[in-house]
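Just below sit the structures, each encoded as structure tokens.
First chain A sits with chain B, and in the next complex the same chain sits with chain C.
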Partner chain A sequence: MSEAVSALKGASFDGFVTVKDTGLHGMITLRGDLASDAVKAAVQDATGAPVPGQREVSGADGNWVAWMSPDELLLIVAYDAAPQIEADLRKALSGSHHLVANVSDARAVFRLSGSATGLREAIAKLCPVDMTPGAFGPGQFRRTRMAQIPAALWMPTDDSLHVICFRSVADYAFNLLKGAAAPGSEVGLFS
Partner chain B sequence: MSTRLANGGRLLNKGRALEFTFNGKRMTGVEGDTLASALLANDQMMVGRSFKYHRPRGIVASGGEEPNALVGLGENGKFEPNQRVTTTELFDGLTCASQNHWPSLEFDVGAINSKLSRFLPAGFYYKMFIHPRPLWKHVYEPFIRQSAGLGKAPRDRDEDSYEHFYAFYDVVVVGGGVAGLQAAKAAGQAGAKVLVMEQTPHWGGRAPVDGGEVDGLSVDRFVEQSVSELHAMENVTLRTRMMGAAVYDHGYVMGYERVNDHQPDAKGPRHRLWRIRAGQIVTATGAIERPLSFAGNDIPGVMLASAVRDYAVDYGVSVGDRTVVVTNNDDAYRTAITLKNLGLEVPVIVDARPSGGGPLAGEAVALGIRVENGKGIAKVKGGKRVEGVEICTQAGEGAALETIKCEAVAMSGGWSPVVHLWSHCGGKLLWDDENVMFRPDGDKAPTGAEGERFVIPAGSADGCLDLASVLDNADAAGKAAAQATGHTPGKGAAPQAQPETMTPIQAVWMMPQGASYKLRMKAWLDYQNDVKVSDIQLAAREGFESVEHAKRYTTLGMATDQGKLSNINGLAILSDALSQGIPQTGTTTFRPPYTPISMSSIAGEARNETFQPIRKTPMHSWHEANGAHWEPVGAWRRPYCFQKPGESVHDAVNREIKQTRDSLGLLDASTLGKIIVKGPDAGKFMDMLYTNMMSTLKPGRCRYGLMCNENGFLMDDGVVARLDEDTFLCHTTTGGADNIHGHMEEWLQTEWWDWKVYTANVTEQFAQVGVVGPKSRKVLQKLTDDDISNDALTFMGWTEITLKGGLPARVFRISFAGELSFELAVPASHGRALWDMLMQAGAEFGVTPYGTEAMHVMRAEKGFIMIGDETDGTVIPQDLGMDWAISKKKEDYLGKRAQQRSHMTDPTRWKLVGLETLDGSTLPDGAYATADGTNANGQRNVQGRVTSTYHSPTLGRGIAMGLVLNGPDRMGDVLDFPKVDGTVIKAKIVDPVFYDKNGEKQNV
Partner chain C sequence: MLILTCPCCGVTAEETEFHGGGEAHVTRFGPGSSEDDFHGYLFEKVNPKGVHFERWRHNNGCGKWFHAARCTVTLEVFGTYSAQTTEPPQDIKDKISAKRPGWSWREFA
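Showing the complex of A and B:
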């Protein structure tokens, strides 16, 4: 089988924070009744993480469950594991109204790392999100706008941040992040 | 002459000289200078020519309100016009040039206008250049354009970068003077998260220049102490060189940070536009001094009294050895006292008030300064610089009592609080008769969603004019802002300053009060737009009584300074001319931004590669490397065609069509929308969305469907595949994917919220390739061992196959070109690999990639409609002869009711037909078929229009589709389509299916 490639094939940029295309992740859209035991159990079995609360993300280290809307989750897993997890979820939820779709190839994911204050600043230049420590941090998940495209953010740790956008605009998103992290453009706000 | 003093200049570092040029002339300033102070230090009194009369103009002010001293700053990619020298910090190597002069600043031909000013009154252009009409475009306008205008538009690309920044605060304090600092301290101490922004590089505003004591400290020490206290607070952010540009609804504040204007070679953005959400906004924006309206008040050397004082104290610059001070209030005496103490001469203080001033006047007299009460300036003598003034009685008509020689005139007509930000979002003003000013009406603040006020004025911006009341007022403002954002302010008192005794100001709108017409037409109100007292009076006489009308008729306050110095004076003159009170006249509307901000800062990151997002398919880079001629489709870029070296676009399209019809073509169809609709009620939902019956579609089958909005008009079309009993996959048009997904969710969330249906937009998950042409099955069979024969996969069927190597794919046997064809969908991460595979496997069949134009021509040859060509938002399926796609069995679908309305069932609606030109040429896009006679507007009657038109290489002639009156009943009729060159193309009405009418080619 041909090798699956991400839109930017691991490109990276060193500014006042480092911006890197993380390559492919397994991603599964799950829509259903998030309060139901069936969904809770299925999500836990698939990822080892519980269903997150509103605007939150659960899990760690490449196995995350992100809250997308009151009836939608995004499961982020290993790329190769996604088809099996997708099948398992369908089976587990077969008795209830749901939608499961493998969307592992639909997106691009960037990792910002380095200065903890710097990555907050880079994002605050592009997204109308309060990036002040305390207002946003690990455990939270935010769907937002990054300049002219939809995007979503979460912080796996205090000094790293992940941005998801659609695959077709990966180039644009990378250029945005490069500009926002350009040396000399530090704002000095969160330090 | 103006010069640098030996002493003084509290903002300067005289140890570091900075070189700069003005109109090519080399000059020297020092670190800490503004361009204004540096020009004055070099005796550059005249810095520009006025807009209309080309009169010599000099610096009037010391801050953002400056109307005259605008320059073109920088060169090439760093050039920017209309930069105020008063807010431009000097840097080494600065270059600038004055504006609005020709051929030179010193000798200007346009100055003849000044001699003709009698004949160029307000509204002159409106009256003069209206007739004869044709002359406007060819004579008047080019002439006026050449003589008008301020700076020149930049010719080169802007070299700098710009960015936005989103920030969130409880309290945003605009202005870093004593009021802003005190308000911030009060709010910060209460625990609120506070941002303080100051437009200059310095804290303290003008308090350090005006002096005073606070809690026993000199005011400049108090400022230093406040700033260091604020720096120590973790919940307070301090930013200089950042202007509060605008206040919008819901506490949205625009902050304009000039990051690198003062160090243009530094890394980083030039400007940063802060987009701030604030719980409460404190406007500590200070006040602006008003000029006095006397004849010759625009001659270089006539300045605001406060500006003369600022240049002396802050920058150690004397505007002239002898400065006459003219005032109607006590504050201007500070200028006289300051100058005298610096060893400069003040020949006289002309005070318009008959009984003169208070304690400050006494101080001036004690210093030996002559004070003339009840007097005014009849006129200023001089041309390119002040040479003297004629003193007269303020109550009189301007007869000169005495001529006094001087180089500078410091004028003060009182102070106007800067109420702009208060007013941006609806804060109202009241007229304070005692202090002769408009100030914020605390009872009519801008209000938020709950009716709560969200802007609080502080200090001079609230009309407080002495240090003691400024501090009290600002402290209360800061505490109120903290309270409103859920914090508990401290109970401590505000810092104490000694209250000042002042003699009241006297309103003086014209000097002298009975000035003759000759004097009035030399008394400037709006320096930048050259509006005089006489112009406003003329506007009033001609019936422009509303202040908004008078403004537009005379252009008062319409220049880049937005009338910061002129508005109040102008509306007072208007009120006087109309014999009504100033509050009855009212002000014009204050609109953002406070002073002009750069267009680039508004654009932010939206330039160059990030001007706008361009969506790229997984095969984009292959297309780019293989001659793609791009076409934007939605936000995507799709290849219009693939040009071979030396090949024209037209030839490429023809080649792609021929090769595809003869053998094999590939189309990157990844951009098509793909939406999953799933759930027990999915069939019911699909029947409502589409005009066709979708619920009867069997798993494994595909059906073409039409989607209408609730007004009955066609909005999208595409092939629906049923994936399983519960699940449909809807293909949408490229541009329609997001809208259609939103449309589905809207109906599900707002109307049919109890239906069990989920949708997901999986457009980007799949790369999709159309494999098209008689050899398509052959090439596909090379890539899979699965059975894709005509028996296994029939027309309008789909199946899952595994490609050699193990990649799973969906194959849809559908055709938009009219040939045997398949669409292959694989995960996007494998899209490029699939494309490469197909190109390789297709080589033996002479495979060609083809673009959107070949796709369009081939579909038109087949008579297939295209959303956006055959439809334009006013077309219903019935117009297109697509009644076959409208289910008669269904009780309802979106658009059904609308399509039954009388206008929709009108038999005279234009209907779709094919059009064949008699001479074989191609009809112009959008051409109309004319009919006999003319309509009520005298235009030719029409009876149809072209919706799609192409040269068909397959048929070797032009083909078209169009909507025509009674079209389907008029087969064979010939219509006239006039072209823009006056000639007419004749075209015959034919069946819209031009190629393979029986559909045999796609069914093999």
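Showing the complex of A and C:
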């Protein structure tokens, strides 16, 4: 059995914010009718977090449920727990129209930490998203474009931000974030 | 720059988060149709100056298709609406009429 590793094996960069590959996460795509009781119960049982509202993320500390589209959720769980959760979800939803797929190795996750204004600024350089504190904050989940690749963002706390992108472009994404967080490149937009 | 609001996920973003999908409300003619109909379906697009209806996909976001009504001259977006329809909804048509009285586009006005 091969040893699972994350795309950049925990690479880290210290700029005016710290960018770090957060390592392995279990990730499960769940598609179905998000308003149905079956999906709500299955997600709650699998992660302990409720089905989030539109463009929101629920849960905490490595156990998140993210709203990807009107019929799709991304469950972020512990890497080792993902196969079991996938099987449980499939069993719980067996009677209803759904799709469950373990996509743990398909994506890379980065964590930005540092000053609250700094990490907003680093993202604002790369994404067409209003990063003003009133417009985007903890609890929200935003899929968008980061330079030339699709990415998604959420803020677990005021002073940390997670970026998720496809594994195949993890190096590109890391380089982008390094550039955006380069010391001396602060714009001071939000401070 | 074109600012679109995705009716599926509610995100308002500039056009680079989306991808244009060509003219909207095209009637498809497939196998069994006349050559004229098939030719029209494939090649006869309107390319107007002014009010235009297009299909767009939120490809860097929720990934869903939707329709947009916009002005090709000013890039003003009159509104976006569900992809699951064969004609613009009345409220979109009313909004266009308020701003571009007397407009017409294909069979709609």
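In this text, the second predicted complex is superposed on the first by the 191 of 191 C-alpha atoms of A that agree within 3 Å, B and C clash if a C-alpha of one lies under 4 Å from a C-alpha of the other, contacts with A are read in each partner's own complex, and residues count from 1 in each chain.
Just so it is clear, a residue touches a chain if its C-beta (ideal position, glycine included) is under 8 Å from a C-beta of that chain, and two chains touch if they have at least 3 such contacts.
Just so it is clear, the structure is predicted and the values come from calculations on it, not from any experiment.
When the two structures are aligned on the shared chain, A:Ser94 is found in touch with neither chain B nor chain C.
When the two structures are aligned on the shared chain, A:Leu176 is found in touch with chain B, with no touch to chain C.
Applying the stated contact rule after C-alpha superposition, one finds that A:Arg55 touches chain C and leaves chain B untouched.
Residue contacts after overlaying the shared chain place A:Glu3 against chain B, while chain C stays out of touching range. Legend: residue contacts after superposition of the two complexes on their common chain; A:Ala124 is shown touching chain B, with no touch to chain C.
In the superposition on chain A, A:Phe166 makes contact with chain B only, not with chain C.
Counted by residues of chain A touched, the larger count belongs to B, out of chain B and chain C. Looking at chain A, you'll find residues 128-129 touch chain B in one structure and chain C in the other. Interface of chain A with chain C (complex): residues 54-55, 68-70, 72, 128-129, 142-145, 150.
Of all the residues in chain A, the ones that touch chain B in their complex are 1-7, 24, 29, 31-32, 71, 97-99, 101-107, 121, 124-132, 135, 147-149, 166-172, 175-176, 179-180, 182-187, 189. Against chain A, the residues of chain B that register as touching in their complex are 161, 163-168, 193, 237, 266-269, 272, 275, 277, 604-606, 609-610, 612-618, 635-636, 676, 678-680, 756, 758-760, 762-766, 805-807, 827-830, 832-834, 837. Residues of chain C that touch chain A in their complex: 8-11, 13-14, 16-17, 59-64.
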